[in-house]
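Right after this note come the structures.
Each of the two complexes below includes chain A, the first together with chain B, the second together with chain C.
Then we have the complex of A and B:
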C-alpha cells in the first residue's frame, strides 16, 4: 500500500470522534466485521488509527477507497466546512431523464480533459444527493489529497452546493464540468453561504416551514400548548400586545425550526440623510457601510427578538426575507424614483 | 414448465383468497344491516309512542300543539358549523382547495396514489396587480415556472389542473419506487438507481432456472411527466 495513502487514512481516522470510529468504518465497508473485531476502540485515537492502517495494509487499500472514507466523514460532519450555493440555468423545456452513469462519465471526462491530475470520487445518497470529491493537482504534480473540493448535487435541480477549497482558481473548471455533465447552459454563484449544508438545502428546496393559510385540518396535537397555570391574582396587562407579536411572528417565521445560518451581511451604498443645516458630508457621495449580523443560529435569534421585547414587531423585511429570497448577502442602494427608501439589488 | 405451473397455482390461491374475503365482507355487511333494522324499528316505536301521547294530550287540552322537537338556536349554529366543516373537508379531498387571503388566495394541492394519501403542496398567490406566485412549497424539479408562464395569467383552472397532474404523477412514481425498494429489496441486486423526479429507474435482478442464474437489467423510462406509468421499458440479459 502506498505510503501517502496510509498516512491519509491515518489522518482521516484521527479526525473522527472516538465513539464514532467503529460505525463509520462499518459504513465504509472496506474492512470486514471480523477485522473490525480485532481493533480495540477504547484505546487512544493514535493507536486506533495505527491499527486501522495496519488492517487497510492487509486489504491493500488504494486512494479510491481512502477517498470514499473521506466522503463518508464529510457527509456526516458537513458543518466543518463552509458551503456556497450555485444556481444553473438552461433554456430548454424538455423533461430531463437524469442518468447517473451518464452524469459521472461526462463530469470526469470534462474535468480530466482540462486537468489530468485530479482524483474524482462519487457517492450517492438516499435523498438523490450525489457527493463528488475532487482532489486537485497541477499539470505537473500529482493530486494533493489534502486540497479537496466537495460538490453536492441533487439530480434534476438547478442548485449545486460547493465547499470551496483553498484553490479557488480551480472553481471555473469545476463549474464548467458541472454544467456540461448536468445538461445546463451556465452557472452563477448565489449570495448564500453557511456552514450548515442541510439548512442551505432546506432554504433553496423550500423544505423549511412556511406558514400557509389553509382550511386543511392540521392535527390538533401540533397546537397543544401546556395549560398555563392561571393565577387569578396576576393580570397580564400586555396580553393583547403579546398575542399580536406572537401572531405576527408566526406569520413571518412559521411554526417549525428555522434553517441554520450563521451570518447575514448588508452592504450599504445609500446616501447619508441628515439635516441640511448640519452640513455633514457636503459631498453627495454614497455613505459606504457594511453591517454584519452573526449568531450561532441567526434566524432563530431573529425570531425571538420581538417576543423578548428587544425589537418591534413586525421585523424589517430585510431581515425576514432571508429564507424566501435564498440569500444572506445583500447590497442596498438608493431607490431611483419617486418613493424614498432603499432598494435591494438582485 | 415449472414456472407456468407455479404461476397457475399462485393465481388459483389468490382467487380463492379473494373469494373468501368477499364472502366475509358480505357476512359483515349483512350483520350490520340487521343491526340497523333493529335500530330503526326501535326509533319507529318510540316515535309512535310519542305521537300517541301527543294525540291524547291534544284531545285533553285544546291548545296549540307545541313542537317538542324545536331546535334551539345553539343547536342550529352547531349544525351549521358541522356541515361547513364537512364541506371544507370535501373540498380538501378533491385534491385542490383554496382559501382567500388578504392579498390573494392560497391553494393547497393534495396528492394521492391508488388510495394512499400522500403529500400536500401549497401555493400562495397574489392577485394584484396581476396574478403571481408569492411563495410556494412545490419541489424545485417540478417545472412550476414553465407551467405558470403558460397558464397562470390566462386560465388559472388549467394552471392548477396541469400542476396537480405533474405533482400527482411525481408523487405516484416516487411512491412506487419506494414500495419497490421496500418490498423487493431481497430480489434486487445492488441498489435501485433513481433520480429526483423518479422518471428513470435502473436496477438489476437475477432469475434462476434449474441450476443457472441469469442476471437481468431493467431500465424504466417515464416519458410523460404527468403519468405515473413508464413509457419505455428496456429489459436486457447481461
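Then we have the complex of A and C:
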C-alpha cells in the first residue's frame, strides 16, 4: 500500500471522535467485521489509527477507498466546512430523466480534459443527493489529498452545495464540469453561505417553518399556557405590548426552529446623509461601509431580540428576509429617482 | 408592577395603587436599555425625584460586555438627584442583597419608618456618595 495512502487513512481516522470510529468504519465496509473485532477501540486514538492502517495494509487499500472514507466523514460532520450554494438553470427545456452513470462519466471527462491530475470520487445518498469529492493537483504535480473540494448535488433540483477549500482558482472549472454533466446551461453563485449544510438545504428547499398569514380566531392569551407558577403579587403593566411582540415574532419567524447560519453581511453603497452645514463628503461619493452580524445561530438570536427587550418589534425586513430570499450577503444601493431611500440589489 | 417603559397604560389607572418608589433598571450591556430609561424619565412627575426614584444598573459582573458608559450613568444620577445602585442579577447572593436594599428603601418611601422621610434618606445617600 502506498505510504501516502496509509498516512491519509491514519489522519482521517484521527479526525473521527473515538466513540464513532467503529461505526464509521462499519459504514465504510472496507474492513470485514472479523478484522474490526481485532481492534481495541478503547485505546488512545493514535493506537487505534495505527491498527486500522495495519488492517488496510492487509487489504491493500488504495486512494479510492481512502477517499470514500473521507466522504463518509464529511457527510457525517459537514459543519466543519463552509458551504456555498449555487443554482443552475437551463432555458425552458423539459426536465430530462437523470442518468447517474452518464452524469459521472461526463463530469469526470470534462474535469480531466482540463486538468489531468485530479482524484474524483462519488457516493450516492438518500434524498437523491450525490456527494462528489475532488482532490486537486496541478498540471505538474499529483493530486494533493489534503486540498479537497466537496460538492453535494441533488439531482432532482437545480441546486448544488459546494465546499471549495483553499483553491478557489479551480472553482470555475468545477462549475463548468457540473453544468456540462447535468445538462444545464449555466450556474450562478447564490449569496448564501454557512457552516451548516443542513440549514442551507432547509432554506433552499423551503423546509423550515414559514410564516403564513393565518387568521387567529382565538386571542393569543388563551393559547399561551404559561407553565410556570405566576406570582400574583407581580403585575405586568405591558402585557398587551408583550403579546404584540410575540405575535409579530411568530408572524415573521414562524413557530419552528430557524435554519442555522452564522453571519449576515450588508455592503452599503449609499450616500452619507448629513447636515449640509457639516460639509462632510462634499464630493458626494457613496459611503462605503460593511456591516457584518455574526452569531453561533444568527436567526435564533434575531428571533429573541424583541422578546428580550433589546430591539423594537418588528425587526427590519433586511434582517428577517434572509430565509425567504435565500441569501445572507446583501448589497444595498441608493434608490434612484425622486424618493430618497435604499433598496436591496438582486 | 413591572413595565418596559413609561408612561403606564392608562386603561389600568383605576386598578393601580399609589406608587411609592420607581426603580429604573439599566442593563449595562444594552445601550437600548439606557435610551429607554432616558425616554421614560420624561414622563415622571417631578415630585418623585425627591427620594422616590433610584437607578439600578444590572449586568455589572461581565466587564467585557459593557456597552453603556459609566459617565452617562453617573450623570443620570446627578441630573435626577437619585441614587445609583449596582448589581449582578445572575448571582443569587447579590440578587438577594439588592432586593433587601430596595425593600428597605421602599419602606422609607412608603412612610413606614417613623421620623425618616424619603427626602431625608435621599439626601443621606447623596452626601455619603460625595465623600
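Methods note: the second predicted complex is superposed on the first by the 326 of 346 C-alpha atoms of A that agree within 3 Å, B and C clash if a C-alpha of one lies under 4 Å from a C-alpha of the other, contacts with A are read in each partner's own complex, and residues count from 1 in each chain.
Methods note: a contact is a pair of C-beta atoms (placed from the backbone, for glycine too) under 8 Å apart; a residue touches a chain by one contact, two chains touch by 3 or more.
Being a predicted model, the structure only gives us computed values, none of them experimental.
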Contacts of A:204 with chain B and chain C, given as first, second, both or neither
first
Is A:311 contacted by the first partner chain B, the second partner chain C, both or neither?
second
With both complexes superposed on chain A, which partner does A:138 reach: first (chain B), second (chain C), both or neither?
neither
Identify the partner contact of A:237: answer first if only chain B is touched, second if only chain C is, both if each is, neither if none is.
second
Tell me the contact category for A:38 with respect to chain B and chain C: first, second, both or neither.
neither
Counting only touches as set out at the top, which of chain B and chain C does A:54 meet: first, second, both, neither?
neither
Between chain B and chain C, pick out the one touching the greater number of residues of chain A.
B
Looking at A:159 after the superposition, I want to know if it touches chain B, chain C, both of them or none. Which is it: first, second, both, neither?
first
Would you pull the chain A residues touching chain C in the complex into a rising list?
234-238, 240-242, 309-311
Could you list, by residue number, the parts of chain B that touch chain A in their complex?
88-89, 91-92, 97, 99, 101, 106, 108, 110, 120, 122, 124, 135-141, 143, 146, 191, 193-197, 199-200, 202, 221, 223, 225
Chain B touches which residues of chain A in the complex?
93, 95-101, 124, 128, 154-159, 204-206, 210, 212-217, 324
Residue set of chain C touching chain A in the complex reads 1-5, 8-9, 12, 30, 32-33
